[in-house]
Amino acid sequence: AAEKIMVYHAGSLSAPMAKIEALYEAANPGVDVLRESGGSNALARKITDLGGACDVFLSADYLVIEKLLRPAGAEWNALFASNAIVLMYGPKSKYNNEVNAKNWTKVMMRPDVNWGHSEPDADPCGYRSLLVIQLAEKFYGDKGLYERAMKDPKRAVRQKAIELVAMVESGAMDYAFEYKSVAVQHKLDYVQLPPEINLMDPARDKEYSTVSIELSGKEPGTKMKVKGEPIVYGLTIPKTAPNNKGALDFVKFVLDPNGGLKVFQEMGQDIVGPSSYGDGSKIPAEVQKMLKK
Amino acid sequence: MIEIQDLSINLGTFQLNSLSLKVEPGEFFMVVGPSGAGKTILLEAIAGLRPLVQGKITVAGRDITDLPPEKRNVALVYQDYALFPHMSVLHNIEWGLNFVDKPDKKRVNELIGLFRLESLLARSPETLSGGEQQRVSLARALAVKPTLLLLDEPLSALDPSFREELSDYLAEINKAGMTIIMVTHDFGEVLSLGNRVAVITDGTLQQTDDVRTVFKEPANRRVAEFVGMKNLIECDICSNRASVVDYSAIIEIKDGRPERKALLGIRPEDILVSKTCPLSKLNTFRGKAVSLIPRGMVFDVTVQTESRLRLTANVLSSDLVSKNIRAGEECWINFDPESVHIF
Amino acid sequence: MIEIQDLSINLGTFQLNSLSLKVEPGEFFMVVGPSGAGKTILLEAIAGLRPLVQGKITVAGRDITDLPPEKRNVALVYQDYALFPHMSVLHNIEWGLNFVDKPDKKRVNELIGLFRLESLLARSPETLSGGEQQRVSLARALAVKPTLLLLDEPLSALDPSFREELSDYLAEINKAGMTIIMVTHDFGEVLSLGNRVAVITDGTLQQTDDVRTVFKEPANRRVAEFVGMKNLIECDICSNRASVVDYSAIIEIKDGRPERKALLGIRPEDILVSKTCPLSKLNTFRGKAVSLIPRGMVFDVTVQTESRLRLTANVLSSDLVSKNIRAGEECWINFDPESVHIF
Amino acid sequence: MHRSSRESIFMLLMGSFLVIYILWPLVGLFVRADWDLVVSSARDREVTGAIWRSIWTAAVSTGIIAFFGTPLAYFLARKDFRGKAFLEAIIDVPIMIPHTVAGIAVLMAFSPKAPLGSLLVKIGLSPVNSHLGIILACMFVSIPFYVDAVRDGFYGVSPRVEKAARTLGASFPQVFFRISLPLARKGIVSGLIMSWARGVSEFGAVVMMAYHPMVAPTLIYDRFATFGLKYSTPVAVQLIIVCLGMFLVLRLVSAGKRREDMNND
Amino acid sequence: MHRSSRESIFMLLMGSFLVIYILWPLVGLFVRADWDLVVSSARDREVTGAIWRSIWTAAVSTGIIAFFGTPLAYFLARKDFRGKAFLEAIIDVPIMIPHTVAGIAVLMAFSPKAPLGSLLVKIGLSPVNSHLGIILACMFVSIPFYVDAVRDGFYGVSPRVEKAARTLGASFPQVFFRISLPLARKGIVSGLIMSWARGVSEFGAVVMMAYHPMVAPTLIYDRFATFGLKYSTPVAVQLIIVCLGMFLVLRLVSAGKRREDMNND
């Protein structure tokens, strides 16, 4: 039987990962890459709580690996790409002919406009959307924007990106905060937000961290504070990986500037690093070689 | 009461053919016919449960052809009872009262007593015996006091003494004014209860007449055979004599008639069988008893005469012994010219 | 053939009480009883379809009490036919042949002809008339040539001439060796077909006897009432005279008996009614015809004698006219001491 | 007697495979559940709220289906016509549509931009992110289960019995409500249970129409993704216990008192 | 005649609400679909493979359920006993369990770490990420639909007819297969359709056991996540067309030729 590499990845990476799979399989005949996409949190839970067989895990937020996998489930965490939050809209969205990077906050808050984002607790994209609004309040000097937005009855929270896309396509929602790569993949229009607020630029780390949000903690009822940070994707090989050798090889391909990283770039994401987050001592040597210090 | 004009029903392999019928108010009207003749379907049509191909049904001059069943005030007791399986016996019987202007609870109690259903009231119909189901079904229909009661073999599953009691009750309510149309296979019931009777065979109405007339003077061969006129003989008639075709026998008939070929019938109970030559010489034949078949209280005695006539007579079981008639032995038969029916 | 010992069945509100019965091979055995007596349940028990509380059933000496129904070689014709609704008439009839060693297709064709089912073969049972269903059900059971045939009112939905034909056929196959146990409400059938008869009332076997004996000499009052012995009189008996309790009448009986109180019964067909005083003075009473109720071919004539006896006699409808008997008028009754049954 | 019970035992043995197949994972769920959390979550407003919401939205959806679906089922059971098989096939389609697709299809039909959805919005109803949205999604996935079960129930009602009832003076609706409906009771109860339970369980389609207000499956998923299995299982366990109780009551009511006569047959 | 047809029309009108409720979103899906893609995806090996896999795994699961569930359904229809309502309630539980929970429960029961799962692994079967896993998940969610429908079907079979068959020389199994089963035909067909279709549609539970090999719902989800609605809808449309065809055949077969006698009643 063919060698199998099980890859769990965030839904927002579906398109690039499909391409990477094809490239990798072409380069390594006899290897079958099996991708499973879903919410980053849910996938991590599947690995930890349900014994899901996973060789490589790529998360939309490196913090998911930190929070849920390390140190029990995985030993290292490699950052490799960034993404931006955009305001996605579709052909049926109201005012889609006048919205732009300057007026989007006003358009969004118009009384006849539905907008939404994904669930902050379940999906990193969700809380990042809220942070973007907070940053926008400062950036545009629009006092009280965040509070008004939170109280806006037309705000809808959705579980995952998938449903936001479906809603925007069907016209049930006019605007949704979403990763840029997702908007690109689904060929939907989007408002490109200024780098000061779109959480894309790793260099603006400081600016982003001026805002924060309360999220659910480790168990229901508890809270924890999350600060604004650039959107950085992380990957790791879980300890339980059935095919560690194949996993290493695949990770190398993903981190190869002429391999995976190139694909991410083509599909609307920027490359970060690649570099190790936190304690990098357990990173296998082969992978270590591909990382920037 | 009810007048049916030109009623036709089509069920693919079976047709009821333009049947016309008139039942007088207060009449006890019987419907008989062979199995599969269309009796049940006729009752269903009257109740408004079968789509008609054509025809008109009027009650007291009012056209009810297109009236829904519940507006006809006609209750039908089905041959297979059609009880409501999810209700107790009592609720079955009382059910129709829900749709009646002035429900008569007293009557329900009377019916329960009369039909001896007291001990069954709480039971589910599925646990009842055949006869019990039949009684419940009849009581249920009577409870609503319909103006027209349609009964499809309503006493067939009852024992004789019960049947007698309920016959008497039906006769009584009929006297009290209820019009009844009843399908039955029991000629005893036809004779004892019925005013007039309709004979249906194969979807066609053959005869409607007074009950006794149908038995004595059936309209045609089919009816004759059906009502048990077993002796049917092809004859050449000339004045008041009929010579049996192909045989040498001559049969005397009552009135003079023009010469013609005809069918002639004699009911078996009208033929007397005796061991010795009877006094009357009219229609007296000597022969041999070829078979004796028990039919309850009577025997069917078939006699082959010397003139090669083959006639069947009914002899009371008790008479058979006292008259000393035995199979294979010689005997005499004799019948009145009055009892010879000519078609 | 079949011996039932001490059979008991419990259905909650109804019990069949330790019933014992023996049917000889080749016998045509009748079971009669009022509605709800337990006849159907008895047949089901014999067929192995009802759990027994106690009892033993042996066939030809072999204990079959715990044998499943299909191993008993007993076919049951249900009162409500129980045809297979998903099969054509033909498949219904042929169905049992699947489980028979040597299926006899020829017989199936014979049965179809005999039961006049030719034109119905492709039909679904749900579209059949009541009588048609009954014929199919009977043919289906006969097709498997059971060693014991259980019939539950198998002819009740048929017209008289068909019924006669099929009775003859049943008599014929019984003569050819098939043992038959048949439940019926038709005393005519009991008399003409049956060898012996069992009378059941309320789950209890009352009498098992030769068919004629049961009618003439019922075992007790319940059986007497059931078999239509309408004249039941409480008497003080002394030698060969019975003096009616409370009345002044004396009835002559056949043999001398010790002095005692007893019940005395006379069948209505054994009582002669005449307008004029009959020749015999034995058991002759003068009275008044108080009611004349038609019962098919006969009338129930109830006479109130001068000695205040009230007796019911059967008079042939034709005799009623010839003898000139009218309600309310004077008449004489007379009966043979032989026909007086003492319990 | 022993004979027939031997056969019953055989059938029960065969069937027990499936019963165990259902019970095994359920028992696993119950055993693994942290019962302190089950107890405490029983007091958690969010949990009880979501379970209650699941129950009533599925009940409303079942009610609407029953209102329109019962006549449809009767019609299908009583009439035969060209294209009936096609109609029945159409009715069954929602069973086989993947739930997400069902959700998308319903969302597209009822989105405020679509004709139907805008109509609803115009009369002041919001078809998405609302209880209405949950009900709309539940209805779509539940319809076939109700209609199929009830139609099969009506097949078992004898038209003769209905006719006899007509001749006793009852009109068509009276016969329908007092005879046909009660006689199809078993099928109707099965239909109600299936339709309602199917609505309670729905996640994929409901989540397309409304993540908030949260129904139980959404909450369970949310808890799973946010806090892990430890915190989602207690909610699931609670939902199962509540629904099991409701099933039990419904079955007991519908079984009625047939006990005695059945075992005698 | 017009009377009864007036009533039918009323019932059909009521029912058509539900039919339209089902058709509207479906038609929307079909209209929006890019038919060039539908046609080309009909030649896409991955699509046809996933659809075929959905069909056969659901069929195998239905087969197993039918094998064990038919005796169970018969038993439930014929016997009455203490605790029957409880047993029936247990059997219905999988209907109301959110699919993800169902998937988690089945996964935990059959994970290679659990006793049952390790047993399967020992005999060389892999319960996760395999066809077996898909079948195991489908079974769990489908059992109640089959058992309920078939049990209701058996309720309609007269015990008298079965008894009459016994006296004609047929043994219990012969009567069961030749009389009871064919007479419960409508219920069985409904049960088969529901159980099979439910299996085809399952995503939440199946995806827990096996994302790969991909069944149609997983593929549709994957396509949607990767390429968007434009590329997922054609797969859904194809799946619907194929299943609709299969329903049609099943219903036509089960309807038989009752046409004539029905409309005369």
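Just so it is clear, A, B, C, D and E label the chains in written order, and each chain counts residues from 1 on its own.
The rule is simple: a residue touches a chain if its C-beta (ideal position, glycine included) is under 8 Å from a C-beta of that chain, and two chains touch if they have at least 3 such contacts.
Given the structure is predicted, the values throughout are model-derived calculations rather than measurements.
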Joint neighbours of chain E and chain A, given as chain labels: D
Chain at maximum distance from chain C, centres defined as averaged CA atoms: A
Longest centre-to-centre distance from chain B, chain (CA-based): A
Chain pair whose interface holds the most contacting C-beta pairs: D-E
Copies chain C and chain B - interface residue numbers shared by over half, same or different: same
Rounded Å distance, chain D centre to chain E centre (Cα mean): 15
Separation of mean Cα positions, chain D and chain A [Å, integer]: 37
Length of the line joining the C-alpha centres of chain B and chain E, rounded to whole Å: 55
Whole-Å separation of chain centres (CA-atom averages), chain B against chain C: 21
For chain A, residues contacting two or more additional chains: 50, 162, 166, 169
Shared interface positions of chain E, touching two or more other chains: 104, 108, 172, 221, 224, 229, 258, 264
In chain C, residues with contacts to at least two other chains: 11, 68, 80, 127
List of chain D residues in touch with chain A within their complex: 41, 44, 46, 100, 103-104, 107-108, 110-114, 117, 127-129, 207-208, 211-212, 218, 221-231
Chain B-touching residues of chain C, taken from the complex the two chains share: 11, 13, 32-37, 39-40, 79-80, 119-120, 123, 127-132, 134-135, 152-153, 156-164, 168, 185-193, 225-226, 228, 269, 293-297, 317-318
Touch list for chain A against partner chain E, complex: 6, 11, 14-15, 17-18, 34-37, 46, 50-51, 53, 162, 165-166, 169, 185-187
Interface residues, chain D side, partner chain B - complex: 158, 160-161, 163-172, 174, 178-179, 182-183, 185, 258, 261, 264
List of chain D residues in touch with chain E within their complex: 7-8, 10-12, 14-19, 21-26, 28-29, 32, 65, 67-69, 71-76, 78-80, 84-102, 104-106, 108-109, 114, 116, 139-140, 143-145, 147-149, 151-153, 155-156, 159, 172, 186-187, 190, 193-194, 196-198, 200-204, 216-217, 220-221, 224, 229, 232, 236, 239-240, 243-244, 247-248, 251-252, 255, 258-259, 262-263, 265
